[in-house]
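Next, two complexes with subunit A in common: one pairs it with subunit B, the other with subunit C.
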Partner chain A sequence: MAAPMLRWGCAGRRWAFACVDGGSRHGLGARNDFTLSGMRGQSSLALQPLITAQKPRKGEHEWAAVVGLEIHAQISSNSKLFSGSQVHFAAPPNSLVSFFDASLPGTLPVLNRRCVEAAVMTGLALNCRINKKSLFDRKHYFYADLPAGYQITQQRLPIAVNGSLTYGVCLGKKRRQVITKMVRIKQIQLEQDSGKSLHDDLRSQTLIDLNRAGVGLLEVVMEPDMTCGEEAATAVRELQLILQALGTSQANMADYEIQRQINELENGGEILNETRSFDSTLGCTVPMRDKEGKQDYRFMPEPNLPPLVLYDAASLPAGADSRQVINIDYIRERLPELPSVTREKLIEQYGMLPEHSFTLLNEAGLLEFFQNVIKETRAEPKVVTSWVLNIFLGYLKQQSLAVSESPITPSALAELLTLLDHKVISSSAAKQVFEELWKSKSKTAAQIVSEKKLELMQDLEALEQLCQAIMEGHPQVVMDLKKGNLKAINKLIGLVRKATLDRADPTVIKKILEEKLSS
Partner chain B sequence: MWARTVRLGLRARLGGCRGFTFKVDPQGTGQVTAELIEHLERLALVDFGGREAVARLEKAIAFADRLRGVDTDGVEPMESVLEDRCLYLRSDNVTEGNCAEELLQNSHRVVEEYFVAPPGNISLAKLNEQEPPPRG
Partner chain C sequence: TIGTTLKPVSAGLKQGQITPTELCQKCLSMIKKTKFLNAYITVTEEEALKQAEESEKRYAKGQPLGDLDGIPVAIKDNFSTSAIETTCGSNMLKGYVPPYNATVVQKLFDQGALLMGKTNLDEFAMGSGSTDGVFGPVKNPWSYSKQYREKRKQKPHGENEDSDWLITGGSSGGSAAAVSAFTCFAALGSDTGGSTRNPAAQCGLVGVKPSYGLVSRHGLIPLVNSMDVPGILTRCVDDAAVVLGVLAGHDPKDSTTIQDPVKPFLLPSLTDVSKLCIGIPKEYLVPELSSEVQSLWTKAADLFESRGAKVIEVSLPHTSYSIVCYHVLCTSEVASNMARFDGLEYGHRCDIDVSTEAMYAATRREGFNDVVRGRILSGNFFLLKENYETYFIKAQKVRRLIANDFVNVFNSGVDVLLTPTTLSEAVPYLEFIKEDNRTRSAQDDIFTQAVNMAGLPAISVPMALSNQGLPIGLQFIGRAFCDQQLLTVAKWFEKQVQFPVIQLQGLMDDCSAIFENEKLASVSLKH
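Showing the complex of A and B:
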């Protein structure tokens, strides 16, 4: 099986709104194109929400927003779906285009095995039924970036149907509670991507780059099981994590559009049946010309492609060429670990809370960072979890950095946590050291500790004497304590800490004080 | 594949019509309306020209309608004449591309290795008002 490679590419996006009349769902208009700007990396996921507002019954006042999603994910492959030209996101215009991609007469589609495997893997990961026979169709519409005048897709009988995607929504004020929700997957189909159009309004022309034309796409159609933008966004995020774990596709995308539509619905705004296009300069969608009449794609079977037949262990024909057959069971056995399983393992192995496992997986590179720290220290996993998720992640977020841009390596943090674990430094001293590590790139934790003299006092006798001195210096507090105000001990602890320049372990201080008070 | 008896004149339903619906003649009158012509012209970007072309279309539809006379009850529709063929699977290697110069020669207008097309989403009505776009 091909080694998974992560590819990037720009995807066109079209939005369609459902007509607000008894929950009807209209089809989508012709593709309009743009480049997603202002995002880290490029996008290979395109999103089409279909929001149906169901009319409230008599007596009800609330609209029930129902969100259905169609997601196009660009398949990570070396070559395109039906031709041997390269899939790559940055290349001179029209340099990654074959005669077939340019729709020159006499060319024929030849199906890429890797794309079929990617579709099967994704279908299995989403609990779909894999259709042992699926068909290809032509979907016709005219647009300059679609040279053939049709797109090869799988409308009648797609490769995978009837699956499900489970995702976790964080609830509660502090988002501590994780509730599992499920959205049904209607189908997954293979289809071609179109080229890219650059609109030059000044000269009233459109520039066409066909590098992306013919790249393999996985269209994942979700049923309208989601009730709000947040659920939809979370479901899509989970799908993204699954695709990344499978190596099928990589993606970055904005979910602001879902939120915008939800906001409109909730404000009672009417959503017209229109197609919107994304204006990259404005950074939002703008209404396009209304479609005159309904779009009719005139679907017909793709005459140049026989049905796609897949096998399993039982049906595999004897002596078949392994390069020409695809065995679903073989693929199922070799599926990489899915995010939900990774989370379960984290919870089991390290005793962390479910919401922690979600955070670890949601942030790119964070899980790997965490695991590398764990490898190099014997500190309690719960301590490591807390430091990585609270302090480390907190610093990253504050400075808008990705894990890959972190000035602190997993080894450095591991060293620091080991010092803490061995009680060489106190918890508050550790935080000071962390701050220093973040700023200075060449020093190690141990160096900073010795430079700033942050080591915990090891001389118990000296500490006892100090405690004695503090107690003698503050008789009122001692009296208060003996009267029964137990909280007064904190004041004494604070005073001792100050006197030791915070180089004493508060728990040890407390023990000494209590011993002295009871004697 | 074809039913053994062909019953002419009877309107038997085409068996197992999956996915593709018959939109052309919902009333079954065999007449092609002006509205439909306009719709088809927009979709397929063809020019029907005059009454003659429409008459020809009506005759073609009537001819194809004779298929309805065939009794296909219980017969699986044929999806493709290639249904007994094997779909060849290509290995995921890069074997083509890098011929921008050659491809761009097909275009009447080119700007820095991009094909040039008219601006998108012009309605057909508006197009008819303008000069026909340059052909190449």
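Showing the complex of A and C:
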């Protein structure tokens, strides 16, 4: 299949295009590319001048990027794709290696049903056509952490094809405008992961850990429908949310690659057909080592695995053993709620703005936190949303914490918001309480309120007296007001608040002042 | 009395006429006496005696595990055996001790069979003579038979008689020699292009290649995954049926085995063949076929016809493309399957450590012989992107045509095909090595490999001795998964032809007891 390439625009064509490297270079990708919580990705992109058919001189034209992606998502399953070895991440090296994983001669692959179901679920969630018959192939290359000398993948006929992924890109100055975009999914294929090589430069040795060898991967190949790294990153984030909703894992994409290629082209260089991987320590992509010179994977059908045949309600053979067959319709009916639906529900149920629904889902654990707060307080959903997204998330971001690491529990925030809702405290006092809660886990919001004497003044008579005193003390302001400078009332309110040590509700103060002024 | 076939010896064990240990010791002593045949790479004397002891206890309790309890067997050294070295006749796997049993090995053990040892073969089963393994060639027991020696005396011969020994055929020559020389009652071979049937024919044995998918390949170190099947070598068809009955069936560890339950293989004694239709593929009459084999083939067809069977000439039109097609597919899968031997996880590793790549290269150069390396190179060539369509895809298409040839013939009403197994009887080693492995394989697999490409069951049954006193076998090919029908026809044929038993008395005087009994057994077959 085509490799990522730079294509020069033909006259008359105004659109840019590039091909994803469908040659599937997992073999390379599995090496030193980035891994974040079980999902690895590679981007391929091409840049193209939009104006001319000729190669532009330096600086003469703008470049348009097209980005295609191949995402490797590790399937969360108890055992590996073709063997009974457990899948586990913190296990001691080489402790999860079956005879098959170590490629002992004579061992044969046995397909893990759970991995097939995961692929079908993902395919359905991404609007793919599920192939009722798919095939496995061997992809050959020599590498120390690939014990068999080949990877079993789905090159000719993958399990799912022709899907789409819809994602929302936030636009505008305040990023309040959400635009829906779509990227086509070329295919989803099942394949084996490789092991890990650890290079000991000191002793010039390579150590091999085969725990990961043979773990099931879903390779999701996206068409080059995206135009910038941000789009790509958003699409990947959406894919990640979908996989999580279905029961798979996370990823991160490098935005770095596009700028690198732009720079390269601007400097008159040429983009080589190469696969680069993202080095998370260096923060840049690096060319992956070419291990066999010109790569020819010598694909061959995997003779030890019969075609993978799936059924739907119509094709299911009568009396079929449900343990032996996979029914696509059965899986479809049981698909969990997808993030797009969750967002719609949030918008509908809580009157939430679309961009808020995106933020709630994009931050791991934030939605659950929000829902737990909502459950325990009667505060307005809009207030809860605002507190969770602005104040709570702001504190987390400031200290680079994950939701799971928050010092404040949903119950604590709920209690605080209830106090606010019941007008026990002012919203500025609430912020003070929040800060206290963040610092000391042991205290409740109510304790902090009473210790710091942050309750709103409930004694109306006293407040009236105070207002009277302030008015009397500032006759000039009262005069201004009476002359029609209505804004002057704010000065009085401020003075009263100050006198109450900020414990009075400004709306109540305003009301008292207005009554007194009109009387 | 104890015969040399399974049934009588199994009965003898049950009746206590002989104990498993006695039987085991007899076979061990035969192994020692026939050591020069080079049939075994590893003799597992200790394990065999231990297994015999266990078996003896079961018989003492009157609870044998089955017909194979206490029966000495041998296993080709490309089946994984737990804690027993499994070499594939290659430097690459010298010293490799698998941590698990192949499913077929385990099934034999579960039936109480005694493992006498691991038998010699061509390196990684690539060959048709059992001459190209790192442990040296296997000698055909018939080289030392009374039948062959007597014929030779009549003719003027070279002075150097000892260097004139015959090859066994292969690649399962060690297993064939082991059964033929009475060191065991049955042996496992493997059959990818004829590797079980070919040595069976050349050593006067029954050799069964079951339908692809009937018997598990798990633990069989692969040559060509899409064609390999475990094969069975025995001294009669009934014995093969017993072993096949034990081995057949679904294996969760081999996804290519059939899901349907397999019934036990009981072979009825056919008396009437008038409802049978025997097909004679005309393309199998090739110029290279020896006149003796050809005339026996005709005789066999006449035999069926004379007993009322319908014998018709049939056509398998793509036969002539078969061997080339086999070569492309075989080497391609070999290239893939051999990729795992890199010196890292198991097997041979060279001393060079300048880089991983240098280590791979040297390890593979030291570990594989020229035949294996040659096939790896060709296979990788065929799989290259630029050659894939021209060779691999085309060969796959031809394979389909060949398989369809058989389907068409069987759909036309033919029950069983009758063909030669080999072009001629066994040839002397010195003659054999005049040609290279590739040429020999192309010649010797000519009648056998198409069956593997089509996944069909086939059996070689010894028919008669040649003018030189050497065995000649014929091949029956059946419909896919109609192994039982195939064996039933083979059994009828075996009964008609009364193939003589090998006479090794001169060679092994003091082990006469077993051979005398064996004569009785051959007599009893006539009933």
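Definition applied: the second predicted complex is superposed on the first by the 413 of 519 C-alpha atoms of A that agree within 3 Å, B and C clash if a C-alpha of one lies under 4 Å from a C-alpha of the other, contacts with A are read in each partner's own complex, and residues count from 1 in each chain.
In the analysis below, contacts are C-beta pairs under 8 Å (C-beta built on N, C-alpha and C of every residue); 3 or more make two chains touch, one makes a residue touch a chain.
Because the structure is a prediction, the values reported are computed rather than measured.
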Check: Is A:I208 touching the first partner subunit B, the second partner subunit C, both, or neither of them?
Finding: both
Notebook entry, point to check: First (subunit B), second (subunit C), both or neither: which does A:F142 touch?
Noted result: both
Margin query: Just checking: does A:P93 make contact with subunit B only, subunit C only, both, or neither of them? Give me first, second, both or neither.
Written below: first
Check: So, A:Q324: does it touch subunit B (first), subunit C (second), both, or neither?
Finding: both
Next item on the list: Figure out whether A:T107 sits in contact with subunit B (first) or subunit C (second), or with both, or with neither.
Entry: second
Notebook entry, point to check: So, A:Y150: does it touch subunit B (first), subunit C (second), both, or neither?
Noted result: second
Next item on the list: Considering only the touch criterion stated at the top, classify A:P306 as touching first (subunit B), second (subunit C), both, or neither.
Entry: both
Next item on the list: Look at A:I185 in the shared chain and tell me whether it touches subunit B only, subunit C only, both, or neither; answer first, second, both or neither.
Entry: neither
Next item on the list: Of the two partners subunit B and subunit C, indicate the one touching more residues belonging to subunit A.
Entry: B
Note to self: Just to be sure I follow: which residues of subunit A are touched by subunit B in one complex and then by subunit C in the other one?
What the structure shows: 99, 102, 104, 110-111, 140, 142, 144, 206, 208, 296, 298-300, 303, 305-306, 324
Next item on the list: Could you please specify the touching residues of subunit A with respect to subunit C in the complex?
Entry: 99, 102-111, 138, 140, 142, 144, 147-150, 206, 208, 296, 298-300, 303-306, 324
Check: Which bits of subunit B are touching subunit A when the two form their complex?
Finding: 18-20, 23, 39, 42-45, 79-100, 103-104, 106, 109, 111-121, 123-124
Note to self: Help me check something: in the complex, which residues belonging to subunit A touch subunit B?
What the structure shows: 2, 30, 32-33, 77-79, 83-86, 92-100, 102, 104, 110-116, 135, 137, 140, 142-144, 155-157, 197-201, 204-210, 288-289, 292-293, 296, 298-301, 303, 305-309, 323-324, 326
Notebook entry, point to check: In their complex, what parts of subunit C are in touch with subunit A?
Noted result: 79-80, 88, 93, 98-100, 102, 217-222, 224-226, 252-256, 259, 332-333, 335-336, 338-342, 344-346, 356-357, 360, 380, 383-385, 388, 392
